[in-house]
């Protein structure tokens, strides 16, 4: 199957397939996924299209050519394989959150553990404030198969500072301005999920003051990094 | 020692030795085993034979040639070394569960911890429902040396949706349609054993509703993936 | 931007850039940092200068040339990129603790967990006594943006045997005679933070007797190793 | 410095230096040590000599030539560097336990955590019974600098089935018939220390029956493996 479109869009799709393929390697490098259980997608800017991992393919077998293209209802537009079984959720988010350019779903261990307890990650560290702007919220339990998961993500993230949502009994989704930004959010999410979990094992770390959280979040979004890069 | 058989069976055995050798590398890559303490076997389809790891050989020294062939009582049929000390258990399972084509035994950390407590892993996450269809069951404590371990595995898994059993005070066994499928089950088992353990450290995550578990398990078995592949 | 200085200082700066670049790879190798969230600096001996990681650059993209030079108020003196957002804290420490030649900041998991609880790491193991001379102290919560963090580090470490401070709600800083020594302190800190955490999970390990701590610390500083190297 | 001895002993020493150098890489590969904080030694069979890691050398810098030779009082006999600061303890063990041919000291995380609490690792898993023959014992707290540590090890292990001792407030030592066997014991010790710790986090796993422990230990020592190799 292939799509009729301009040379510029074709070129963008080719590039996004390469990027999304490479970003799956980041998921494994950061040990956020095992076997086939996670996926990255990217919106094709200006088009009603996205690129996403094919279903049931292991990470070391992914190639740019195996990444599929779907429309924003999740219908396969280009590619030899079925799109990821989470495609409907990705597509729903792109339809309803126009500022989102990339999405990651994983079952990373610590974030998924908070999801299992359906408990938000409290903002007890500067890096939680920097990256997520406050507590990291929990979304509803939702069954796969229709728009329930997508709707749960959108309802939780719309109007939130957080780029991550912990879907109850399931696992995390993160969003970003593009796919790389969503992957960074997934990596940072697992890191803070693990660190706050460990802090909580031996006591009750105090939440940061709201004024401090606000200060840190705004500074991080606006001041640091190189021309918009993430800071260190 | 070598066996007299048709060229087709010879060719199958050669292939299975390569597969089973390569799958041991998956066990180490996923950190399910250390030193020599785990093993993979595969049934030779249509024959009363299986291939299995030799005893006391470290993983980086395994070669396809070192993988041994036994009959389904565990008697060495081909190979220069003794079969794994767990051969009797594997053989018993192949004799009594004809649908099983591959078996993995490991002492992977978190699954073994549940085994030590003799506590089933509760189905509190969609990925437990997807992969195991409910709680992951505990088998009896059984001494090595006769059919006790094999019998414990068969009694626990027969009629269960689960492809994994936590043998009390010992560690996990997983089964699959073939050896690769059993390795996938071993990897997923350790992943959910770890995630549910961590979830439980800070509270009591709710079990999924039985109707949701049934829905997820059936969908996962029947709908996803590429021509029967595992989904993502 | 570049600085006018002697050939000898130029040569020292070139060497320190290489060292500091290479030491960031130690941080990732020991899994103390992810993405861009940690940094190493080195004082330029005899000068009012330091070299430090640029802001927002990922570790695998760092080159010796990308490491920037600042003065000891944190003002960029040489380099194409902004210095790390933690530069003010590093500079403050160099201004106020003349014996410090290298500084590391990370958000390593276990040390940060103790920081979140604002709880010192108790000296319950010989290796804590060897390396840190007693309990590892907590510093105040301080906002980024002025001298608060640097002041908190200096007030905590001045007069302490410890080369590490756990900044409340934030994470650890370690110092050393040079950058390599500060990296060693960061690695050992995370190791003892993890080990003592795990010891504490199942009980309350006894603190070593003060006389034993003193004995171990003095012996370690004075007796072991090869001409001042760290012992084994 | 060099020793006068027969060509056969020279050849044995050369071989042991290579073996002991290579075995330190196993310690890092299994994440039992960081920086310089662990060491392996081997007795030179039939001589009053041992080979051991030099002090303060990092693992990736070790070469067979840098491994030093000492007599069994710990006095340097051959080599350019000081022997490990733990040499006195190794030497004491070789003097008093003639069946020991190799020794490993590490600060591996979970074994050291049990050491900090001064709590034996209970025999709740078949692999503890197989490898250690029962609970893994705790030795006394002892200061470095004289024979105290060596004496503590010998008093704890003499007459015990266990090849591992958890020195109070310090960390583990393991012994074996040769250096490789002691390294295997160190690897298995950390594995069971971690698994039993994790089992204990969520409950109290039952100790195996003494008759079962005896059965497993004797079978493991006598029946399995390839001509005395360790089984799988």
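For this structure, a couple of remarks:
We call the chains A, B, C and D, going by the order they appear; numbering starts again at 1 in every chain.
Operating definition for what follows: a residue touches a chain if its C-beta (ideal position, glycine included) is under 8 Å from a C-beta of that chain, and two chains touch if they have at least 3 such contacts.
According to UniProt, the chain labels map to these proteins: A, B, C, D = L-ribulose-5-phosphate 4-epimerase.
Keep in mind that what you see is a predicted model, and the values were worked out from it rather than measured.
Farthest from chain C, judged by the mean position of CA atoms in each chain, is B. Here the CA centre of chain B is 32 Å from the CA centre of chain D. Annotation: 46 Å between the Cα-based centres of chain B and chain C. Contact of a single residue of chain A with at least two other chains is seen at positions 201. Chain contacts in this assembly form a single closed ring in which each chain touches exactly two others.
Pairs of chains that satisfy the touch definition comprise A-B, A-C, B-D, C-D. Against chain C, the residues of chain D that register as touching in their complex are 34-39, 53-57, 81-82, 84-86, 107, 109-110, 112-119, 141, 143-145, 169-171, 197, 200-201.
Taken together, the chain D residues at the contact with chain B in this complex read 30, 124-127, 184, 187-188, 191, 194-196, 198-199, 201-206, 208, 212, 215-216, 219, 223-226, 229-232.
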